[in-house]
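Naming follows writing order (A, B, C, D, E, F, G and H), and every chain is counted from residue 1.
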């Protein structure tokens, strides 16, 4: 039942064509999907300012182009995650302004400048250099969602002084994203240094008993420091997304 | 927004107190929970004839009594699952008509006779005698939901002739519930004999690498016979429930 | 054949009413393996109208052609699952009428029109677009087995209004196949909306802790809604098959 | 090197007893633990207003009393988690003002009124009634950390209308804690309704393939809705703690 | 019974050589379930000399007594496994001749002397003293099935000379049962010393990463020595049983 | 200490060059490796008649040729397992008599005719056609070790009559090797039909929750039929090897 | 073949009673167990100074007393691990000098003073207070094996300054034993601070996804710091033992 | 705060420009990273003589060249692990002296001769030939860290005499590295022969239930012999590293 048919029904009530109890019956069956759609619009509104997001994995260059085009036409900023480099050539022919981050396989198309709305800095920390791709996905996501983001790499716990060297930045951040593979110990240490929320991202870095990130995930879920919550393995996007929600005023 | 306030709003439209567009706005914000409730009622209607179900696990005798009382007052039949025997004494003092099945820790209170509505027979098969408690939970559930139920026990695949001995009953059943622990092979064999849906229930029977039913579960999910679907380990209730839905006319 | 009818038959042999070769024929339908074969025939009978099914995985184009040929010669409809696209070229040269569904890697050869025998509609729902290949396998299977099938895609629980938008179709379906990867939550929601059996199919969609469908599988086995049973990960064929059995009159 | 010895060294520099280069050498070896302690103090400062927290599990009543006493003497509020009811008797004799929450086995001692500092409401949702103990631990934690907390129970996804009924409260919350066992689907649905961070808490509720909360954990890590992060199984305290950090101004 | 012998029998019926009731009897040994039963009898025959076996786990003393009585009346030897000591008192009152092995919780009732039929010695080896209960179950089983059994305990691989000390007995055995928990390495070493079949039994001995016998099980399945096959964790009975079958002439 | 130096030492004792107590000391330090070597020889003797076995996996054609050559020169029969087809070309150039079994990637070189020494028939059964490669590895192994081997394929439990059709062969076999993937139920059924040892081989056939053979492995370890022992997933060689040991006179 | 019979044989060679080649034959069959025993003695010698160790788990007080007595009579020091407190009463009646450590359930009986032989200090660190029982088992073991041992507790990584406070002791230690449950991160940090070997001991401390120490174990196996090796979960004894071997001169 | 600014501050104290209490405040905020750096230098010192290590995995030839160059310029020896052979060509063009070990994919560049500093021999043992790559990584690592290293291959426990043949070398070694896949039993046997520390390295050798080294890992963690600690699967470098630390004087 869209707005038009609702108006019509109400006009019929107004005119006496339909009795009140008939109308009540009609409303009983009123499909809530329409209200659902209203929710969507309202929702969209709330989320205005966020980019549209495309999961690039498993999509052909043509499919990506088609989706980007429909978004770009509405003037929306676009964020594409997990987009293989070998698909960028045809895409960039159509959208020369698109920017590609090869390490994280992320692409962005900025149709209107991203306004910084976040309350503070989101700081992305990585334990090793192999964690950078996932960290970059988090960083780009958070930047596209209107946040100041800083990144400090390779400050894993086996060289604790390297981490402590950045103590000031760490303690000043409003939200922290900590990306680590192997033993995944960094969020515990960082969580013990700060009084701000820490989003931990396990990565599939490692071999043998790292079990493609499971070791790091378990470590993070068991972090003895308070203030740590975890997202899926390699889910840089998810970390950037919730960090942005946390950083909203 | 309940029926009364809806009627009132419509009457205001009818009387001209509220314009159509004002009413449209009012409806846009119409919380769909109320429609949700309507769904519930409608839903309930569809399900009429099914008993109310109480999960007894983790409830005190007093809690169970209180819930049963409110249901019994409406004249509903009641099915209680996973109810420890040591709680039956106080419950039976209040509801002397309640019937308890100690093997499956199931209890039933029949306020109005259960009418057989199922199209055919639901046949419950068990691989071993230790699977009977779970099978009984399935049987009582299906009976309370208005089905003719038969049970054949201890026809595991290691004595294939015992199973084949019941071939006729097996091929006549409308829905089959196959309950097995250990290697969980019975559903594969039964599924190969019949052209009717088989609901497989793994049980936590066994030791060592049975891993409390995981071995049986995996076997059932990998059943090479068509027509087999699986419920949770020891979930006799769930099997009886979906078998009843399948057996509905 | 019980003792009485056996005695009668033997007496007829004794009296000459029945010749030895007639009796041999009568017995062919009896003893062990022969009875087994009889079962098959009878079985076949019961299943008449179902297509012959070939598991394409691990078979060469030549092997598939040879099996299809022997079936096609008997005038049977044929359903081939998990058939890689790169094998279709030689196959279609021999059987130009064969139809290939590339997303689900399914092929069908219809020698006699499929008659709709199912009592109601089988509705296939998918949580995301990446679940469509598995859903399509279920759909094609159920169609080839004589059912009206509808499919609604991309109605995952993270946008609950999209699902509720289709409430009417959902509540009208006779059997529901719900296909979901990642967190596998859709069957729980759908199972709570309907009073008909739900066959849940986990898919290997996702990454990290989705563990190739295990996360979805566990969620489905633990669905708190009644009326849900589960098949193997990515087993669209199995879901379509049991849904068809359930939908048989 | 504590403050006194540092002052002394500096006074020696001032008086010329120690040369600058001698002092530089002395500082090179300056054990950073003392600075570490300074950090702690500073840290403590930042965290002022948070209660002291005692993990009750594995502690005798005497041990708990002794720790509470030292804290209470400093006028600190105290939060005790996982404290078995059978230890409360001797504890309450010493601290009659202590309040015990038996469902969540949580105790609080309020020495100075908790000031509401959180920016908005923290909303705790549970899928079932068996999830309430964990939810209550989260609620009490967040309350003791200075937040307005609301709790809505038993709004699991199998009865989606029950959840939607509370849509307004859900959309108004500043942070959401979603507690669920079994299939753990609630965070996905809630995450799809709101634009605020969702902290998901899997519970060990369930049986069989729930694997003491692992099924729910995996579902939550794979939540297809954005804005969801996860804590350890049954970790209500951790969820309340990070939600409080997020809710800080 | 093939077509020829069937025809012949029928012709004999026709000619009167064989009466109808004789033929009925002949056929009793044929059709489906009856053949099944015949199999059983034949089967029993083959197995004559083997004891009847009762799985004591989960059975009350009364249930055990009742089953033992029916067996004992037929003069059968009886083997009861996994029978808790606290059930022996009432059982021994009824059957004073019953012998109980408390370590392995096994009981035997010998109604007719067990005749040694095995071709050679079955040698049971244990890695540690904690593996003895499982080994004893294997030993008693094999003895009751008519084998000479020897047992050597505590010859784990960490003291390889202790094992080699028994080299002669080891190389003389006809079948070897090797029982080990923890790292389960003994079957690999023994398998490398002998040219006879080795049945490996993992035990749930150990802690931590022994995972109740899984570590030992995996080691045994991966034994680099040829001639090793494995039974379920703690399944001494199963090992004794298959070793007896192997040792049959 | 080899035979020569031992003789020399003894001669020195004989001649008086070395006193008895000096010689005792010399023997105390006698490295048992030499005795070890003696064991090997003795061992080899016991095993005479068995072929030399080469694990082809991970070896280049050149490496295989070199090993085969050294064996062939001694007149030994050779069995090569897991040898990729693409290595056969150069190998067959050198050894034109080598026979290759492409399905199981097994090769044999028979330098002296294999004498049948086994007491009875080893029967290899497979549940499906995809299990044949593993079954063939078992068959070739057992044949090369001097056994009569029969193979029956595609008699999985979903078509129980197909299995029962071969009942006679099954009951006549001296040792049975049962090869199955997916739900791995066949050994349970076979074990229930026979009184001879059954060696169960899980295969990695299947998908999803078959977990590359783990589902089948668990089913086989939990086989409720007695007389079943299990080897590693896809370990056809191991099954053929232990079956041969069992079948030795 | 013991020393006496060896001497006799040699004397026979000397006297000519036995020829050299007869003696060679005799030696070929020389059972190496005797040499094995020689190894043991030699071995024992090497290990002299180490206490005798009894695994108390699963032993009755009587069994422990009997073993201790036989050891004490030889004047050996005795170390008993995993000895439940409730067995100490009767044991201490017999051996009043025995010392019991209730936290770690360890007991020691010192018959001759333990001489410090270790080259340096073994430092035991624990992440939390709940790890102390396992740490104490390591400490007592290392002390009984002749080492100076120090223990620092509750220096987990969530309060990194607490750890750094002890930097000097940490860097001075010759071997480090690091005991941690939950996320098991401490060995990574400690391994990064020192140039000495670190033995990591995961403990079963924690709940939910700690999986009884598996999370900590995986973290430790994946420690990005060099110089870390791991023992079984809760294996304080094993850690103390290998640390002692490392610390031997 | 570097040395210069510290000197300046102290000079200001000396000159009276800054009061003692002002200076104390300044020190309170003194960033400990600088001290951290001091630690590093000190640390480096301690570790002098060890090579610089590069993890080659995931690095391009160019990246490796650039890192090697900066190290070589300082005259440091360089060890590169997990370097694919196909990257060696360009690297060797720049550094012709670099040595590559293809089996273990290890490379070394020796700028100053490696001095043997280790106290004794490090002995590397492998169970099979397929374990050699991992063993070689351990060997090269230990050699580059200044140790005498010996390697004995293919002495797995299924041929125990082959191992015992090397008893003397085994008992003389100062540290042992034992590398094994499949059932991982070798460390248990070796640990039982020696009184020196054993570092066990599981390898991913095997198939089926070896689970890429998990079976071997579990066996090693459960080794019943004392004195065994374990590193990650295939972590030859880690084993060589800790063995070197143990072997330091």
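As a convention for this text, contacts are C-beta pairs under 8 Å (C-beta built on N, C-alpha and C of every residue); 3 or more make two chains touch, one makes a residue touch a chain.
All values reported here derive from a predicted model rather than from experimental measurement.
**Student:** Name the chain pair with more contacting C-beta pairs, choosing from A-H and B-F.
**Tutor:** Pair with more contacting C-beta pairs, A-H versus B-F: B-F.
**Student:** Among the listed pairs A-H, A-G or E-H, choose the one whose interface is a repeat of C-F, with over half of the contact pairs the same by residue number.
**Tutor:** More than half of its contact pairs match C-F, so it is A-H.
**Student:** Approximately how many whole Å separate the CA-defined centres of chain C and chain D?
**Tutor:** About 50 Å, centre to centre.
**Student:** From the mean C-alpha coordinate of chain B to that of chain C, what's the distance rounded to whole Å?
**Tutor:** A distance of 24 Å separates the two centres.
**Student:** Centroid of chain F to centroid of chain H, CA atoms only: how many Å?
**Tutor:** Once rounded, the distance between the two centres reads 39 Å.
**Student:** Would you give the residues of chain F that are in contact with at least 2 other chains, written as numbers and ranges?
**Tutor:** 32, 35-36, 39, 159-160, 164, 167, 193, 208-210, 214, 217, 221-222, 226, 232-233
**Student:** Kindly provide every pair of chains that touch.
**Tutor:** A-B, A-C, A-D, A-G, A-H, B-C, B-D, B-E, B-F, C-D, C-E, C-F, D-G, D-H, E-F, E-G, E-H, F-G, F-H, G-H
**Student:** Can you list the residues on chain D that touch chain A in the complex?
**Tutor:** Within the complex, chain D touches chain A at residues 39, 43, 46-47, 53, 167, 193, 195-199, 217, 221-222, 226-233, 237-239, 241-242, 245-246, 248.
**Student:** Which residues, counting only chain D, touch chain C once they are in their complex?
**Tutor:** 127-128, 156-160, 164, 182-185, 188-189, 191-193, 206, 208-211, 214-216, 218-226
**Student:** Using the touch definition up top, name the residues of chain C that touch chain F in the complex.
**Tutor:** Going through chain C, the ones touching chain F are 32-33, 35-37, 39-40, 58, 202, 204, 212-214, 217, 232-235.
**Student:** What does chain E use to touch chain C in their complex?
**Tutor:** Within the complex, chain E contacts chain C at residues 1, 3, 6-7, 10-11, 13-14, 16, 20-21, 23-24, 27, 30-32, 35.
**Student:** What residues of chain B sit close enough to touch chain E in their complex?
**Tutor:** Chain B residues touching chain E: 130, 159-162, 164-165, 167, 207-210.
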